[in-house]
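Shared chain: chain A. Partners: chain B in the first complex, chain C in the second.
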Partner chain A sequence: MAYVATRGGERAIEQSQRLFREEMGTITAERVAEIRRALPYLIDRVMGEASLYDEDLAALALAQTGGELYEAVLLLRSWRTTQPRLAVAAPVTQEGLFTHRRISAAFKDIPGGQVLGPTLDYAHRILATEVLSDQAYTPDPVEPAAQPSPARQPSVAAWQAENDLLSAAPADPTAGNDIPDITREPLLFPSKRAHTLQSLARAETGGVLALGYAAQRGYGQAHPTVNELRLAEGEVMVQHPRGTTFSAGRVKISQAEVVNKKGTQLELGFAATLGWNEVKVIAAATLDLNSEGAAKGSATEEEFFLYHTEGVESSGFCIHFKLPHYVTFQSSLDAMRDAKTKKNARQAEPAE
Partner chain B sequence: MSLKSLTKDWEPMSYGFLDASAKCEIRRKTLKAIAVPGCQIPYASREVPMARGWGTGGLQISCTLINPRTTVKVIDQGADDSVNAASIRRFLSRVSGAPTTTDTLKADLIQSRHRIPEEKLREDQVLVLQVPNPEPLRPVQPNMSIARQMHADADYGRMWLQLYEQIVRSGRVMQGASYPSLVHGRFVMTPSPIPRWDVPKMHMAKHLTILSAGREKRLHAVPPYTRVEPLVFDDVPYQVEEHGQLTCTRSGAKGYFMNEIPQNDGTSTYEVSDSELGIKTIQKADGDTVELGDTWYQDGEMTQ
Partner chain C sequence: MPDPHTLANYPHDVMLSILAKADAVRIKAFAEVLIPQLGDIAVLENRTGLVMLPMRDTAKGVNFHLGEVLVSEARIAVDGRDGYGMRRGRDLEAAMAMALIDLAVASGVSHDACAAFLDQEGATQTAADTDRLKRVEATRVDMETF
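Up next, the complex of A and B:
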């Protein structure tokens, strides 16, 4: 019988994909729209990790992958690779953010006020099981406050800097295409500030939480106080080739400032991401706060946490172990067997 | 004349998937890698439509080098029909229109994971190796920035110490695949997780080898006619896998790197790892006209 040059591999992968996709069935525009409407926080998380702000594409990626988050993010990141860079938007500053929610744990009240905004923080986490027996759950309508809170507020860190409690980082004048971009340059260490913040912005939420939590629990030196947490919208201002400046729309942004007392000054940790994802920015800001002077190889060292919270890389590497490794395995077996033979031969020799 | 007649129609992605700026960067970094053999060159490494760790580094090189006249061969563990090799081959041909082959002799570009084909490569061929971990110092220094400094200083003492300790503890160097090798007398590189059997094929080879790690964002190269010397002590010679005397049960090919196939009765049989070489051997035995190229190993011995 001849050696059959199989093309089985190609057929097998085709059928395995069909099996996977069969469960999701037909994907329609309605399904994508419903995912976008029903799961805004999941959409936000995916957009943040993908570093691609497009709710429709994020919803499509979720529909196409059946909610396999790592797959959805990879789908968006590789789509992003194919897109040209048309313009660089103007910087979005804290005081310019259209703010929905803004709280500070550092002060009872802050200039601009505490704005609770949308949150489940004080909700009792009880499943609405009646929905399963066909009673729709309709949330109670929101009653607007008599006085709306201001849409824009100064940052708490700015107030602290004015009062000599915190030395604010000098403003970085780098603009436009000169801003280091993690999607177009490799991450090298010590990392550029822009690269650090960009990496944290698109880090995998669970990974940032795990390492941030480790720092918070005691493996970090700095104990974070949430100076300010914000959920907001930022205006994307771009310049038309004709010279006019216009808004290309708003993007949801979350950001966190955390501080720690160091001598007579506060040190500041900062993180921001696309979409509303509070856990991620608090954990990421904690890592940022702890990174200065962290020991090489510790969980709060920049190189350690930036490499290991990159979700596309970590998840890809983790699943790559499913690939055949029989050549490398064979090579190891050979060394093991030979070492064993040598050992047995040595033991068989009579003692001198 | 209208503007439309001067421009191409909009397409959802560029030729060869990567856009011009990504290819430009990879070309520049590849040239740098060729100019400094064995030195790891960082590159941006765009996300591609495959998971990291599945050949995205090799894929970016292939996507950059490919053109409609490039004949491509893709192998994984020596086999053309391995599922991931099939997937990468299909992707490359889909985004480039390039013809594919399983014949090592007919390929212009060979993307491979964990093997170098047994038939000798020529000056006009390029081998792209997928690399999971580009840093040979990782076992002795997991921190990338320290390791980078060690390379700059040619500080390989801990590497040697590790090999020495293995000999003391186990009676031999225990490194399986990815045997650390000195390139052009300067940089220690990982040859990627190819078996020790394949490392001597890189030494003074006629072809260009580009090794690319997509997840780790590093690429390095072995230019043609470059020294690649496995790290060994003068009195403990380099040892390839003891496959020289094994025979493939399916093709009868003898003296090449084999896959061990465990049997129900507790024994093992062997199949030649380079699947195309196995096919050619069978075809030749059947009396078919088939061109079997020169192989690096003859009668189980390295010829160089």
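Up next, the complex of A and C:
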């Protein structure tokens, strides 16, 4: 692979950026606020893939890039590098999540019951075209129950462990800066589980879905059933200089467990991400479930899926092919011409 | 220096958690009133930064990093006594307001007003959570299989 330095594009580059931004026009605080208000699930997806939780910054990145998601995520990942890390919060646990949606496809009567929360799973997919004829679409209001749902729900996996359906996971004492962190150390294989789950948490949704779907269709070893899916909020527990632990606020978290029968017990795959993005976590948990013993180069092998679902690296590699490759390509053309000349010369030689 | 004061009805962690989620406009307005009563305030830190948020995996029990959360932080002092604020988001003034209230409480200043502010904000937050959870409860499935 060889690149070539070129000149003469300065004005073209400047104007091309202006042409791109011209379409979006003036970006105002009001526009950013409207994007944040109107597109919470897109904001969540961008925050998860950027691995940076702040709705305003995510909305700004979307406004600035016209919704070009790879550019938006790259902007946020870049901006993140300008900020100091002030602390590592206490680990969020499933039982501590403020739960908005919690379902299981594996067990009907899970402790705490099933709450659908906000979802379009059972909706008719009908485009409200009347809005385009100036008729506003206002959704029917929720009819609240008399009593609130419990904010915190027990873990389905813990209940299964109590019933000897799976082995209870021992609590990991690792905390703070001792938790492996792929933003500060390289991803090596076989991957540490903390690296695998962190990579999946910040992976590109489409990439995770494509590979997870491949596993679900049969290119994996285990067929997943959703053991527990949660859309929730987690508390960001930090420490006051005097040592008091308190919540600096809540963030949205999605979490999925998928389950498969293995011998006399169940085995779990797990994934979670910042923001509400349930397709991503179900697909990612499927990859986690299938990764053990996966064949080298298969969609469910951890090196394969972790490298290929890292959105900033993969989109960056893809678009780098637009950079001037004139030396490489000219060399290929020269080789082609040379081969053609030799071939023609051989054909022109009289037969003996 | 004597131990920092606390509010009778609000342990330090509860107070801080309410302040971190308090309405930004109201907390700034309330903290503004405290400033003249606190003396010469030294601002030690007022910045944005990131807090890494780990989570525990339920399959193998491993702690891993979900991602980073943008926060605003403020640390102030009067006569060697600290006030501290950290809130999600990039509102430096709101973090400073939290630090001012923390300092006021630690210094024994305006405890009644601070407690009243916490009563109001705590009630608002609880009401918002309850309202949301009643909406969530409306989606509970009373499932029968055939």
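Structure notes:
The rule is short, and it goes like this: the second predicted complex is superposed on the first by the 322 of 352 C-alpha atoms of A that agree within 3 Å, B and C clash if a C-alpha of one lies under 4 Å from a C-alpha of the other, contacts with A are read in each partner's own complex, and residues count from 1 in each chain.
Going forward, a contact is a pair of C-beta atoms (placed from the backbone, for glycine too) under 8 Å apart; a residue touches a chain by one contact, two chains touch by 3 or more.
Computed from a predicted model, the values in this text were never measured in an experiment.
In the superposition on chain A, A:253 makes contact with chain C only, while chain B stays out of contact range.
In the superposition on chain A, A:331 contacts chain B only, with no contact to chain C. Residue contacts after overlaying the shared chain place A:296 against chain B, while chain C stays out of touching range.
Ranked by how many residues of chain A each touches, chain B and chain C are led by C.
Of the two partner chains placed by superposition, only chain B is touched by A:12; chain C is not.
By the document's definition of touching, neither partner reaches A:28: not chain B, not chain C.
By the touch criterion defined above, A:80 reaches both chain B and chain C. On chain A, the surface patch touched by chain B in one complex and by chain C in the other comprises residues 80, 84, 183. The residues of chain A lying in touch with chain C in their complex are 47-48, 50-54, 56-57, 80, 83-94, 98-101, 103, 108-109, 113-119, 142-151, 155, 157, 169-172, 174-175, 179-183, 193-198, 201-202, 228, 234-236, 238, 240-242, 244-251, 253, 255, 257, 267-270, 272-274, 288. Listing the residues of chain B that touch chain A in their complex gives 12-14, 17-19, 21-22, 25, 42-54, 56, 76-78, 80-87, 90, 102, 113-115, 132, 142-146, 170-178, 193-197, 215, 217-218, 239, 241-243, 250-251, 257-260, 273, 275, 278-279, 282, 286.
The touching residues of chain C, when paired with chain A in their complex, are 4, 12-13, 16-17, 20-21, 47-71, 73, 75, 82, 84, 86-90, 102, 129-141, 143, 145.
Residue ranges on chain A touching chain B, taken from their complex, read 2-3, 5-10, 12-13, 74-75, 77-78, 80-82, 84, 183-190, 296-297, 303, 307, 312-313, 315-320, 323-336, 338-339, 342-343, 346.
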